[in-house]
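Below is one structure; the comments refer to it alone.
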Amino acid sequence: MPVKVAVNGSGTIGKRIVDSVLLNKDFKLVGVAKYKPDYQAYLMIEKGIPVFVPRDRAGEFINSGIEPSGYIDYLFEEADLIYDASPGGKGVLNKKIYEKHGKPVVFQGGEDPEIAEISYSTFCNYSDAINKKNVRVVSCNTTGMLRLLCILEKEYGVKKALAVIIRRAADPKEDNRGPVNSILLDPPEIPSHHGVDARTVAPWLNITSAAVVVPTTLMHMQFIEVELKSPVKKDEVLEVLGRYRRFLLIDSARTGIDSTSKLMELARDAGRMRGDIYENSVFIDTVKIEDTRLYLFQGIHQESIVIPENMDVAYAILGLEHDQYRVVEKTDSLLGVGS
Amino acid sequence: MPVKVAVNGSGTIGKRIVDSVLLNKDFKLVGVAKYKPDYQAYLMIEKGIPVFVPRDRAGEFINSGIEPSGYIDYLFEEADLIYDASPGGKGVLNKKIYEKHGKPVVFQGGEDPEIAEISYSTFCNYSDAINKKNVRVVSCNTTGMLRLLCILEKEYGVKKALAVIIRRAADPKEDNRGPVNSILLDPPEIPSHHGVDARTVAPWLNITSAAVVVPTTLMHMQFIEVELKSPVKKDEVLEVLGRYRRFLLIDSARTGIDSTSKLMELARDAGRMRGDIYENSVFIDTVKIEDTRLYLFQGIHQESIVIPENMDVAYAILGLEHDQYRVVEKTDSLLGVGS
Amino acid sequence: MPVKVAVNGSGTIGKRIVDSVLLNKDFKLVGVAKYKPDYQAYLMIEKGIPVFVPRDRAGEFINSGIEPSGYIDYLFEEADLIYDASPGGKGVLNKKIYEKHGKPVVFQGGEDPEIAEISYSTFCNYSDAINKKNVRVVSCNTTGMLRLLCILEKEYGVKKALAVIIRRAADPKEDNRGPVNSILLDPPEIPSHHGVDARTVAPWLNITSAAVVVPTTLMHMQFIEVELKSPVKKDEVLEVLGRYRRFLLIDSARTGIDSTSKLMELARDAGRMRGDIYENSVFIDTVKIEDTRLYLFQGIHQESIVIPENMDVAYAILGLEHDQYRVVEKTDSLLGVGS
Amino acid sequence: MPVKVAVNGSGTIGKRIVDSVLLNKDFKLVGVAKYKPDYQAYLMIEKGIPVFVPRDRAGEFINSGIEPSGYIDYLFEEADLIYDASPGGKGVLNKKIYEKHGKPVVFQGGEDPEIAEISYSTFCNYSDAINKKNVRVVSCNTTGMLRLLCILEKEYGVKKALAVIIRRAADPKEDNRGPVNSILLDPPEIPSHHGVDARTVAPWLNITSAAVVVPTTLMHMQFIEVELKSPVKKDEVLEVLGRYRRFLLIDSARTGIDSTSKLMELARDAGRMRGDIYENSVFIDTVKIEDTRLYLFQGIHQESIVIPENMDVAYAILGLEHDQYRVVEKTDSLLGVGS
């Protein structure tokens, strides 16, 4: 019998979780908690997705012509697993409600690590999440870094890492966030919090990170420098990353793809749902090895990169599957990752 | 037996024509002419689309691992109808080649009007295109204006129109075009060429147009003022536009959609291919009537707006269908226009 | 003896008022009210400008190495005239404080019209401001429209006007406001408030306005259509505008200036303070006349366009000068307007 | 007697060299070579700067109302020193003309290193430039890196350096260059040419560089990692950089300046000519030391950063001064560097 899933919030992350759950036969979507009768609500009703609303806003929805399937507490009560996809920082308030229902919850990276028993990234600590009650899937940038670094750790050992993160300013739908014409140090300090966040999952990791925000909406770009414990060859590294499907190896010279906008166009042309790229987009010609030192650039599609990990973790939390590789294979073939 | 179609060029417009042709059972895609072995070529091969190349570049393609289906002249020879989707201004050079093959051609709006017997927009002059040899589908902005103005002319009579066009700077995939932080008068004169271009299709039209370019990639925004021959009511106009499926009537107050980026997000969420919007996106709350004067804003998705008209016109050129409404219905249901 | 002036707030508008006051021998700057010990505070101290601070923040300033000249209430008490340059909407709170001191105040366009006895724009209603206690200088876009329309009214009579305003998203210094990649209807309705605001100064004006926000920081661009009461000739209109120095007539064909960024570069090259343009930048080749109808584009430098009117109005409020033309001449020669 | 100087080209760099020459009593500006009668030409005539033009374009200038002072060859013949500020890659064509006149030339960073006897950066190799005939001042990014690295080399020894350069897409005046909404790898390889270019001046330097282009016009941002030959303390490094005036040490916490746009606002507010920042803008709170490893971010104002080095080098080429520190002091006090 499929696991009953509730999704709380349907913004950038929430709506993608919803669609993934709908694709997955192991899961059954009980419904989505909506807080405003916006166009998302209409689309969901149209797709036949049950929409649950706060008691005090039901009237507002009905007046807008949207018939809710019930109140939010019912949604939580019905579910075996709750995805919290609320705005960063709101999850901690929601947690109290979840606790009343006694249901396991997947939180997102905008929450403080303390919200959950563990912070999570599949290639780093899948087995730690097994049967946990509250797990936090780390943020888009941290997920992108950890996929790479945990694999490199496993294969070669990582002595020290540096990440310079060039962040997108806002998600494509967001009209109010800037900057419009500036490079913003965020934070105006080194290190940034990204390395610290990575260590909530991988405490062994010696990493320094720095971050700027630039006026673009499409993807983050990460410059990564890693000092490995042993010398490597470029071909070998590419072969390793290629084995894991969550890396899209981009050959700029042959394909002409050398930017985040061309990556996004590729995803649209390839027919990806919403034009998403779930993989770390590693630019092959930027992979440079100097003995034990490795440099590369990878593009991170903030809107969708955490979706595979969100799927994986459900199998751990619910104790459905102990072998991370089988889970990853399932998730990837479902979402079309690496295809 | 389906009509055999060739598509020359597969950029923003060409690749969308290709996908529309593939959806249409009245058509059979002979193949696509490609000039560079970029990722588009790989994707097409993967989708099973025959790729034809210039004789002197076949080696280049083969070296990149792409096996062409033949040379371009063969493609043209095989086709019953050719779509020219080459970069603006190149169509006129291609025309000489097409003439050798004696095939009818659909040109795009980047070409001069003189390239074809007529310039075309379905709601204005479908029947004029019947059995023509060379037809030019007007550009994105002109298509958007003409859809509206030809309908208003038919329903109410148009005395005078004004269009202030706020143009996107580049298509999303384009990395080299600006401006980055400027509002550019293009041209730094009034009128702009858009009104003139509209009159190549609708010579009766008394229109003044003005245009600026702004740093965004998603859509054009058109401000339209029309003086009609008789007084109208807002509801009536909306009802008329609603009847034609090529208008998406956006209720900003109810849906929260008040910008081009939120429109694009809607299209992604709705599962549109490439996140395209084939319709004029008319913002209901900006439709303002003062007696015989009408104002409104409409968003124009430059990448896809001309695709329906490109499909329609084939039926006219090949004399397959004389009733424009049946053609429009076919095209719209095929592409999901208005749904 | 010079008039003693206080400036409350030193953001985009406030710091420019300060510099204008410093240039003007009729005025004496008592000081500036600062609310945060940021770099502006350091610069002011360095320039010898007295900085006054709220009582409860004096410690914060001192800890940052900035020695305030006193508390804010002292500043207001000492002044003959107060410029309120606080963030839009805060002026109404400040008003209560000003009233205690019984001093005349110049408010800015971000406040509601009700804050002052009259809303003001020099070419429209200078004499109405004479001896008023509270005057509101209208916002950047309204100031730009009114300069043009009040002159046209005076010279030819204005039957009806239309303004399509393409707004900058944020001031250059502002890093947090967007959009980054969108055209935003603001508001998603027609008319926008700009026409309404213009009528607070010029109630006779029949105007419709519409506005979008675009991702740029430099200037607003206004498309203006006016139906005059009598036919005009282009040369005549240009000659009229040229006579008023607050219009920069841009000959794009000869100078190559066809965008807001090139306008800003001109101002930098010409050595203008902060690269400001106090004038309406009218693009000559966009001035198009059809009998009694006039079209044009004008660039509006939001950061500085209201500064001349802020200077002028002081002479009215304080009853120093009843002839608006002499005031304008004084202000313009002081600021280098039209030179 | 002052040295007679000619400036060939008056774009972003050329016009700033002109203004610096005008400020300097050791120099006398013979004139500027202009190739188009644009607004720059008008401004220069207005400022009394002699404008020289190509023989075949003199008519075009005269028709535009600009009276040239003569032909370009006369300008070169009169000069003791020529600044070539032509578009990148054109200098090599100009060089043949200069050789006919036998005059020493300062080339800019857009030229290949081979154009000159040496590539130059004051803090690295002033004395090598003494009495050279052709010197190339390296580009904006390279100048910014070398100022820092040559000082660190001198003070502590540099073992290895890494630069991740986040480049502005276009200069503020440029309307045609993109990207509008993308992060572009330029090049899509590691290393980028910047490290290579730095070694044309400092061949001892072990450096890897990588670069992206982002949609902004104001400044480049450089992330720098240096492994020094000996351990350092943060305060010490800041003290060293502070001693050299070509570093602006930005205290983000105290001043609120944490972005390129706020830096530019500071320069405007401080009354800098054109709002320029000649210094490397080092963000103090990003200076992080781990034993012998140093990280920091520095903003580089591409439009003006090379101007001091362009001034310095003249003293070397002409053999006017052998002590680099006296030259630097002269240039800095002239331009207001570090004040």
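Order of writing sets the labels: A, B, C and D. Residues in every chain begin at 1.
The criterion applied here is as follows: a contact is a pair of C-beta atoms (placed from the backbone, for glycine too) under 8 Å apart; a residue touches a chain by one contact, two chains touch by 3 or more.
Only a predicted model underlies this, so the values are computations on that prediction, with no experimental measurement involved.
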item: Chain pair with the higher count of C-beta pairs in contact (B-C, A-B); value: B-C
item: Whole-Å gap separating chain B and chain C, where each centre is the average of the chain's CA atoms; value: 42
item: Separation of chain A from chain B, taking each centre as the mean of its C-alpha atoms, in whole Å; value: 36
item: Sequence positions of chain B contacting 2 or more other chains; value: 172, 174-175, 179-182, 184, 215-217, 258-259, 261-262
item: Topology of the chain contact graph, where touching chains are joined (line, ring, star, complete, other); value: complete
item: Chain C contact footprint on chain A (complex, rising order); value: 169-170, 172, 174-182, 184, 215-217
item: Parts of chain B lying in touch with chain C, wherever the complex brings them together; value: 162, 164, 166, 168, 179, 181-191, 208, 210, 212, 214-219, 221, 223, 225, 252-253, 258-262, 283, 285-288, 290, 295-297, 299
item: Interface residues, chain A side, partner chain B - complex; value: 15, 36-40, 42-43, 64, 172-175, 180-181, 217, 254-259, 261-262, 264-266, 268-271, 273-275
